[in-house]
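Okay, so chain A shows up in both of these, paired with chain B first and chain C after.
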Partner chain A sequence: MRSIKRLQHDAGILIFNHNSHIDYSKIAEQCVKQVRKHIPDIPIMSVGEEIQGVDEHRPIGLPRNNKKVFGVISKEWHNLSRFHAYDISPWQSTIVIDSDYFLQSDQITKLLESSQSLLMHREWYDINNDAVGVLNVGKSAISMLWATVLKFEKTKEVKKFFELWRAVIENYTYYAQMFGFTPHIIRNDYAVSIALSQLMEFDSVDHCVIPWPIHTTRDTVDVTAIDHDKIHFQDTKGKFTVNFDCHILNKESLYNACK
Partner chain B sequence: MHVNDKNGFGYLTFALNNEVDYESCALLWALSLRATQKLPVKIAVIVNDADTCRSELHDVCDHVITVPKRTVVNNMQYEADILNLTPFKETVKFEADMLIPCDLEIWKHRFRLQDLCITGSVQNHKRKKANDLRYREFINENLLPNAYNGLYYVRVTKQNVAFFKELDRIFDNWYDEIKKFRLWGAHEPSTDFGMAMALRNLGMDNCVSTTSLPTFVHNKKYCVGHWQYFSIPKPNQIIVNGAKISVPWHYHDKTKCTEDLISKYKAYV
Partner chain C sequence: MSQTRRFSIKRDLSLLYQRCEAQMTFVYHGGLFRSDAQTLSYAQCLQDGDTVLDLNKTPCVIESVQDFQTTLKQKHQQILNEYHEEYKKIAT
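Our next item is the complex of A and B:
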């Protein structure tokens, strides 16, 4: 059923969905179910290929080709349309989430309660190793921000941020050379980090950082099942479950678990 | 210079040319100060010979002072003469190969809490405290105060006169003095280690700051890691390896001080 409560408050969740060798729509559909379960009042919009269960949909064509290593094999990956989010979003406040980011709580709504116009994760919590860390953009002194969860409001500065994001993607080889990372796989994480640094004239971006880490499971961790209130994982050491919002990197097993 | 002839608050650096052109570094440093301080500041530079030094130093600095030559173990020992040489009652001393991207007016409040306030920690490009252990083994092993002569504040007082006298004595007797400490065999005369020993000898460890100010970005490899590119679009915007430097930048590598950069800074002064 279409959610209208939050529409009145002009906020929503945006999910980009482009299938590649994996049927991402299946993963995205489960992602939408998780959002519905934990924050039922907030409208959801899909972009790209329609996801079942969303309130709004905006079809767009496949973005520029990109590649990603899945396991040990490099495959096509269509992740380069997210800088359109500013133009596409119908809301004043938007949270863009990756379809592999599964909610297990309503914590994400705190981002909408914040008056900060741009928010992303910087710290990441490696669930397996029980460690919080910050990655760098290549060899530079820029700390990597995660594009996985991005809260933004429609302001002039944020619009500029999205323009810079697009420019970084379009000139990715140049930035790769300057900051010492591979140009072969385009990472939105690097692109948003560089774009925000540029927006802030390479000064501190602390005020744009979500004050808790993004919980992440590595590629080496398989998803075995997904319930509304917990996700089941398995790695070489055994099985475990988590009941907090979680970014899952192993797409193949995630897809299998969503079937 | 007698203390009665000294005046006010000012910034000072040593530019004693040898095989390195410190005078050009000092010129760039003075220009960067002029370009970034909101209030007028006084600047002094100590050179080998004020008559033959780089002429623009006279244009940019308020005082260009010839160092009275004497027998020293190396040019660093002239640091011990600072209270005689400075034209200021309160002096903030910088190394010549530093650039100032920020207004330092507010730093005065920190400086003036003590008669001698020496930098005790340095930053990396990410505005975090740098891990300097690689360069500070001698200090660390001997539990000496972690003094950085690259940036300090000093007022003309009896205690500070005694401190610099002790520093001079340590330089004069370097190879005997350093034997009193661990790892003595590997260290040639240097101002940082000399200051650390002098402070310890006089019980003045507390003159080395344990707070985040004063500080500077120390561009040595093990403090900041590998980096390649820097850009200075404006004097208050020094970007190194993708990060804006918000405190003085000790670029260390003198080849960074180019005539092009000096010309660029001149345009802002």
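Our next item is the complex of A and C:
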């Protein structure tokens, strides 16, 4: 079954999973269920700790330590292995998604159908404030690209991009000083944005941009329940549901809502 | 109508609009396009074999304009019909 899927598509979804103070496997398992529901024919591979329900798995050790602020407390967070995606992926076309990116549609299959070899989100839609915007990398003029959803194909240029991504992570303090952001929390979003800018010799990266915003709920929005076709949220203004692909920043409530 | 209810309707309509906006993007022969009114109108001026720029400014040859127009129109109408149906449910 697994190999047939791969032959049919030569495309798949890659999800990195490393537990920290939160059992990310539980969140990732729900993420896999959502992918299965909305794009059943695409194979899924987990990397790191195995996620139940995937077609293939690649164990890798814990990456270099990183930290992230959850609420008001800084905690350990293992997010620094994603630049290995190029070497790990068995497919010609791959979409790497964060386990907190929940599909509610087959929208991301458009990325696989596109002939662009590298695609990421640049615009983000803040669900809480009903606003679309673009963030910058620190104090620089480089627009931030989101590493949450990353489509790539195996080409020489893309391989170079992943090498640059790795180099930015390994020399993060240098880039933090250069572009004016904190070196204490390593953000893949910054690393991919700098890497792509370098690859394009700081020229336009418009051709690598997914032409719709990444829909995101902030830390202040709680997830109360997850169905296959909608996610239930609550914030200070009341309850609401979302039935499109959604990036959820409040991990604790997301964990609690996962069955 | 209470303020809370009014806010809730406004938020649901915004979320619906965002969903439809994202769905408007479609892929045609590897290029990414938007099935909006502007593209529909632009498609009327094309001839077979013309080159157009997709949303990522990548050139794409439209071999059959009729096929492109049909796909575009279908997507456009499908999304707007859905928007209309959902809009009615929220607003009433």
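By definition in this document, the second predicted complex is superposed on the first by the 251 of 259 C-alpha atoms of A that agree within 3 Å, B and C clash if a C-alpha of one lies under 4 Å from a C-alpha of the other, contacts with A are read in each partner's own complex, and residues count from 1 in each chain.
The working rule: a residue touches a chain if its C-beta (ideal position, glycine included) is under 8 Å from a C-beta of that chain, and two chains touch if they have at least 3 such contacts.
Model, not experiment: these values are computed from the prediction.
*Asks:* Clash or fit: what happens to chain B and chain C when chain A is overlaid?
*Replies:* fit
*Asks:* Can A:244 be said to touch chain B (first), chain C (second), both, or neither?
*Replies:* second
*Asks:* According to the stated criteria, A:201 is in contact with first (chain B), second (chain C), both, or neither; which is it?
*Replies:* first
*Asks:* Based on the superposed arrangement, let me know which partner A:179 touches: chain B (first), chain C (second), both, or neither?
*Replies:* first
*Asks:* Treating the CA centre of chain A as the corner point, state the angle out to chain B and chain C, nearest 10°.
*Replies:* Nearest-10 rounding gives 70 degrees.
*Asks:* May I ask you to name which of chain B and chain C touches more residues of chain A?
*Replies:* Higher number of touched chain A residues: C.
*Asks:* For A:141, decide between first (touching chain B), second (touching chain C), both and neither.
*Replies:* first
*Asks:* What is the minimum C-alpha distance, in Å, between chain B and chain C after the two complexes are superposed on chain A?
*Replies:* Distance of closest C-alpha approach: 16 Å.
*Asks:* Under the definition above, what is the set of chain C residues touching chain A in their complex?
*Replies:* My answer: residues 4, 7-8, 11-12, 14-15, 18-19, 21-23, 25-27, 30-32, 34, 55-58.
*Asks:* Under the touch definition given earlier, write down the residues of chain A that touch chain C in their complex.
*Replies:* Touching chain C: residues 105, 107, 110, 113-116, 125, 127, 130, 206-209, 211-213, 215, 237-238, 240, 242-245 of chain A.
*Asks:* Looking at the complex, which residues from chain B come into contact with chain A?
*Replies:* These residues of chain B touch chain A: 124-127, 224-229, 237, 239-244, 246.
*Asks:* Tell me, which parts of chain A touch chain B in their complex?
*Replies:* Against chain B, the touching part of chain A is residues 137, 139-143, 178-180, 194, 197, 200-204.
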